[in-house]
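One chain, chain A, appears in both complexes that follow, with chain B as partner in the first and chain C in the second.
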Partner chain A sequence: MLRRLGLMFLLLSVALLTGGCWDSQELNTLSIISATSIDRNNGKWEISFQVVIPQSIATQTGGGSAGSQSPTTIFSTKGRSIAEAMQNASLETSRKLFFAHNSVLILSEEVARQEGVGEILDFFLRPFESRETMSVLLTKGKASNLLEVLIPLEKISGNAIQRIIDLSQKNLSMVQNMRLIDFARMIASPDESAMAPELEVSGDLTKQSSLDALKKTRNEAVIKLGELGIFRKDKLVGWISQKDSSSVAWLSDRVSSMMVVFPCSTKAQKEQLISYRVMKSSTKLEPKVIHGKSIIFAKIQATGAIDEAGCNLDLKQPSVIRELERTISKQIGDDVMTTWSHLQGMNVDLGGFMNAIHRKDPATWRKLMKSKRPIEDISLRVQVKINIEHTNMITKPYSSLLKDQKF
Partner chain B sequence: MRPFFKSKQGSSQQQGKNEQPSEFNMPEIILSKYLDVNVQMIKEMTGDSSDIIIRRLDQALGKPIHVAVIYTDGLADEQIINNSILKSLTQIQADADSSLDPPKQVLGWIKHRFLAIGQVTDIDTMKNLFDAILAGNTVILVDGTAKGISASSAGGEQRGVDEPQSQTVIRGPREGFTENLRVNTSLIRRKIKNPNLWIVDRTIGRVTQTDVAVMYIHGIASDDVVQEILKRLDRIDIDSVLESGYIEEFIQDATFTPFPTLTNSERPDAIAGAILEGKVAILVDGSPFVLIAPITIFKLFQSSEDYYQKFDIATFLRLMRIIAFVFSMLLPSMYIAITTFHQQMLPTTLLISLAAQREGVPFPAFVEALAMEITFEVLREAGVRMPRAIGSAISIVGALVLGQAAVQAGLVSAAMVIIVAFTAIAGFVAPSVSLSNSARLLRFGFMLLAATLGLFGIIAGLMAMLIHLAGLRSFGIPYLIPLAPFSPSDQKDALVRVPWWAMLKRPTLISKKNIKRLKSIQKPSPSKDEQEQEQ
Partner chain C sequence: MQKIDKYELIAMMILFLIGTTPLYELGVGAKQDAWLVVIVAMLAGLLLLLVYLFIQKGNEDRNLFEILNQHLGRILGTIVTVAYIFYFSYESMRNTREFGDIINISFLPKTPLSLLMLIMILLSAYAIFKGTEVFFRVVEFLLPFTIFGYFLIFLMFIVSKNIHLERLQPVLEHGIMPVIREAIPKVISFPFGEVVVFLAFWKHLNNKKNLSKLSIFSYLFVGILLLIFNLLNLTILSPQILSITTLPMLRSVRLIEIADFLERLDPVIILLIYIGIFVKMTAFYLGAVIGLSYLIKISHKKLTIIVGAFIYTISFAAPNFIYHTWIGFTRNLMYDFPVFQIWIPLGLAAVVMMKRLFSRKRKRTRGT
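Moving on to the complex of A and B:
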């Protein structure tokens, strides 16, 4: 019995000692990457990593004094392929690059337009350690610049960028957080259209990349979301404005919360505005073929509340509310139609129209797919139904109190 | 355990069974007719030990009869001997007409007429005599007859019934077992006033002659289990039994397992509860720890207090104990596995703060964890062994040295101190010490597995543990009852505890007979009269 147990123990320990530990890595041998950017430089890939310096972030620990050191450090490597650039990183870093916590991938416009994102996606989808949930972002300038900007309140700017997108997606709906896997899926879909938000630095970048910048109350430069990059196949084909991107959100049924600002009435002055906050919305696409022409009927429904009223309107009157609802509907409908013409011009299908046609009527879809620019053959009819649920805590606009007083 | 490798010399273990240890077997010497011979023999056999008191009387019952009163000083109650034996022998005058021939009759008189003592038995051999006086009884020998009588006079200094030290409760009886077997059986008997509570006695230990009592309720306990326990007790041949742990190692089903296949308790109410569930208690003289068999793993997570508190909190606490057991077994190994193999599992901020803490630590996480665990085990052992007066000093040193100085010196990371501390605290949650010990041992194995294979190793270890548990049996009862084999009615008192009025049956797979505990569900409700009155 004892001999048998001893033998088993021996075999087990040999198995553990020979096979074990092969991929173990201690935490202090890793450099945790929080953001990656990809540029092209002289026909080579240039990858930049934002590496977190743990000592400077966590306070009150045995090592390093917090606060005096920059929370992140950036280094760039070059190579003929992305993987080679990555391997070249070991020439200059003392620790193993650890990608599992990389939350942002920033591509420069140059890369997206000329090289396409195919190779990049392949590289990031392949290793087991890379996350498919990292956000894909575009920038018009040099991508690695964005990694240098220090963001107040946040120590790790890579995570902060992802949170900026998340928050604006939640509150504004016009930006969509493009996770790597969604981005790859959109590009590979039969629609061949994809989008990715643009990130820009406004202000003086060089001043905001030093730790001294955080000592000031007003930042020299900030990172903010800009336009929306439009992809056809794996290449960037153009940009659409923020206004257009909200219309895309309406079309693709992604609006969860949005602020619609419109004039009180068609006749009123421009500065008299009302803000309507969408709380709930749904969009239904109904493809139909009328006289041999494909038509998409988009039925947009939204419920919301008045958040601000700058003009004297009696919001207690149902008729006034109806009128407002009609105004909002018209504005949204017009905006959507304008965007649609832009999209048609770029020949991209961001609203998922082809998909809707494919589901409803595969024969028409096949016929459309034969054409080189199928989007131009589709026309859109928008029907918007807006519901003002309430006007928040007060009904009458505050300005109405002022108008009636006679001194 | 089933043989894993083919046995080559299976019969070698059976050797040495025929060897009969003989040095302490009491020879069957019949008492002599002459008192002097008997007294001399007793003196010789005890080496004239000072605590064997032989009181000789030349005159008893007012007649010239030679009598010897023999007892062990310290074991027998001097008061009983003085008041009930010596007083009656010396002061009472026998009737004048009583004939003193033959002297055999004198013994009868003493026994039937003069001794004011409850339990009196005849003895006729030296073995009986020694059994009696070493148990604290008093032996009376009369010259001229080859017989004697033994009067029960056991007493002497004893520790009183006290609050149990190892298993404390908030609500429940405060009494605990003592070192005296009789006191212990009486404590149980007082709780179960039923003639079906049977006690079977065994004497184990060639030298120590320790009394062992097996207690069970006839008609509830499974006969097979009782027979099996008695069979295993009879098989024990050892020179001494000083604590129930001796017996435990002889009768447990599997030796090479970290899990206990029988447990112990210091609480009479816990033992009574177990007996009422059809289990068997084994009491050993000289130990306040009473063994219970058979047991299942879920029984180890239960405290007797579960049945005294409300069912909802009892259920919650049971689940907490299971969680705490898992933590105390796996927490250090999970930490090792995640920080050295699966860093991607952690939230980014947690990873960074852990990485910052590890920045100055010179050792790998496994070595760090092992060092801290060993340090804790040393501290714990020191806490148990050291004199009470130094206790506070050690805890200060332990807390300061481990908690603060080690972290500040950069020897270990603060997270590791938290892990080890929580593991230690979680280990104390288990109501049974034997269960927390099994978690203590397994912890190191899991740490090794985690350090070499990561979470995969932990899962492999858990699988092996589960297979082992499924194969374990306690006196023929599968260890994972009532989950495997599954028994729906027993779920009411395994992971959860339902209210008492809904617990209709005893654990069915243990007792198998007389399983009905309640006649029907007796959910309390307002009586019907009151309801009508309200309307």
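Moving on to the complex of A and C:
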């Protein structure tokens, strides 16, 4: 009997002890953050959070319809450190900020240029709750503005932004979704410069931040991806254009799908263009030392199809196709070389050149690293091999049918 | 007399050696060559294992403490036994404290550490209460789940495309010396040299013919498993990020994102880690209990409570987790643990060998 009582007591006490009541978190006491932005204001960090309002997204399915309440709300708080700014949010929110679903981190150019991102990365890598898979983005203006823009079709714009990046990474390849952990790794890597895509608002921001904007069919403002921000150490040093970022994608073997637009022939008029869609590609960097000089041979290979042809060419002829392949190769090669000279001018390494040398030939790498601008001591040789697999559902360009028509 | 089956021994050795190890990046001081450190330490540890097996072979029906007293004499034997009891308790406490702090860092930041550790010690004490045989059977039961769990995570790393093998290059950038310096004695002491505690259990194996084969097989199996997870962390996180990460495996697992819904798998890895920690801390705890039972003749249950209370008390010795890991990695692994894992067993093996030689000689002289 006494044994049983003792056992009962033990079971009860275990049930009490293992309830985990210290760390209970009820859903209705949390405010779930979907996006975060960081600005500097009068020497203080200014953090803005986009918080999801559960009531307004729970009712209807399908996003973007103009309900009575905005789907998200934004808090801005200030502090001497990022953590302090976070803590100060408790002064104005009724619920505990919950970070685990934050999918986007937007930094303003000012922060990235002057403060550097070291402290920010430390803060976001440290807590258990914060996810290292969130996307890092830059913006030229005030970062918190981007959180205000309502995006049609989507309720929570933080998630929408991440989907925009994902999609353009898949279809355009020039943008890369920079996960926080990849960004941190690139910044920390001795051989790599980090980069992050720019997000911008085009149009009238103030009108698109009200729910009334969603009542119209044409948006007053949209969020879109822009240039590519380049870092040296942990500081932003410059931007490169979208054209350059495509070349960077070629060099770093990240092209999964891309449209290459080029003139039919060198003699043809400028308006006569052909669009070539890359479907598969691979790039190999091979560092070599020839006569004491480091040379990187980049071998780019791509397979794709003609998506649009605006000039009169007999696309049935292998010789014509071969000519086109040569034109595309030359254009990609030239683009890559232009970008290469830009990168050399900025003294940044986006293509993984130093990494390639370091991995293959540490001795040369050590020699190069002694120089102040090691990238300038390397030369690049590009070899592009393009394959046009097919021309889709029509062969000769449609315009060839019009050539001899009188009426 | 308690009996252990061969499968139970294999399961025990595997889970014991997994322990907390996947959580840490062994040999991260050698940067991208950390995986070579594991290989070097594994091979060096294999030599140690052979020494332990040699000691056991000569004294088939005795455990570590009986062997110590048999060969070193009463006074020295008792002193070394007491030292081993303290060593085993300390190792058990290290695992307890580590897991308590990991839970505090990750899932339950506000739950008191004292309570987390109390629950763990009670669980281990319960297993030991039931005796060596029961504990080994529990471990045999846990093995398939653990191996399956780790295998699943391994698969998911591949599917989620987080692995970048090129991050392992350049191999041996600064030569072989940094690798060896990292491996010896640090990675030998943790986890490979910890097998020394099995000297307290081996005598229970029902068929001792297979002892060496089974032990070496399980040891190599774990070695390869640890090597794979070491490689995974390196290729997923890169040496730079690894060098500042508290719990690398936990971080790597959080990067798994498959099809927009299979993500945040950290609870799975914590569960797997706990299985390892439970086995390891209980094994050391049991080692200490067996040692004490040799010195003091009181009931098994009382001994369990005494040792458990002792382990629980010393688990508060470190003022914080930082001090705890610092003293573990810079002091214990370098200077303290090798005494118990390398020097004393080597000395003991030497004594055993000398005795065997002398007795053989004596036999021979008597024969002529």
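Things to note:
FYI, the second predicted complex is superposed on the first by the 380 of 407 C-alpha atoms of A that agree within 3 Å, B and C clash if a C-alpha of one lies under 4 Å from a C-alpha of the other, contacts with A are read in each partner's own complex, and residues count from 1 in each chain.
Definition applied: a contact is a pair of C-beta atoms (placed from the backbone, for glycine too) under 8 Å apart; a residue touches a chain by one contact, two chains touch by 3 or more.
Quick caveat: nothing in here was measured; it's all calculated off a predicted structure.
When the two complexes are overlaid on their common chain A, residue A:98 makes contact with chain B while staying clear of chain C.
In the superposition on chain A, A:379 makes contact with neither chain B nor chain C. In the superposed model, A:114 makes contact with neither chain B nor chain C. If you count the residues of chain A touched by chain B and by chain C, you find the higher number for B. In the superposition on chain A, A:317 contacts neither chain B nor chain C. Shared-chain residue A:23: touches chain B and chain C both. Touch criterion met: A:7 reaches chain B, while chain C stays clear of it. In the overlay built on the shared chain, the residue A:131 is in contact with chain B and with chain C. In the overlay built on the shared chain, the residue A:282 is in contact with neither chain B nor chain C. After overlaying the two complexes on the shared chain, residue contacts for A:32 are found with chain B alone; chain C is out of touch.
When both complexes are aligned on chain A by C-alpha atoms, chain A residues 17, 20, 23, 100, 131 touch chain B in the first and chain C in the second. Here chain B touches chain A in the complex through residues 1, 3-5, 256, 339-341, 343-344, 348-349, 351-361, 364-365, 407-410, 413-414, 448-449, 451-454, 457, going by the rule given at the top.
Put simply, chain A touches chain C in their complex at residues 17-18, 20, 22-23, 100, 128, 131-133, 179, 181, 184-185, 188-190, 355, 358-360, 362. Contact residues on chain A toward chain B in their complex (touch as defined above): 1, 4-5, 7-8, 16-17, 19-21, 23-28, 30, 32, 34, 52, 54-55, 57-58, 61-64, 98, 100-101, 103, 129, 131, 156, 159. Within the complex, the chain C residues that touch chain A are 105-112, 115, 119, 166, 169-170, 173, 237-238, 240-241, 251, 254-255, 257, 263-264.
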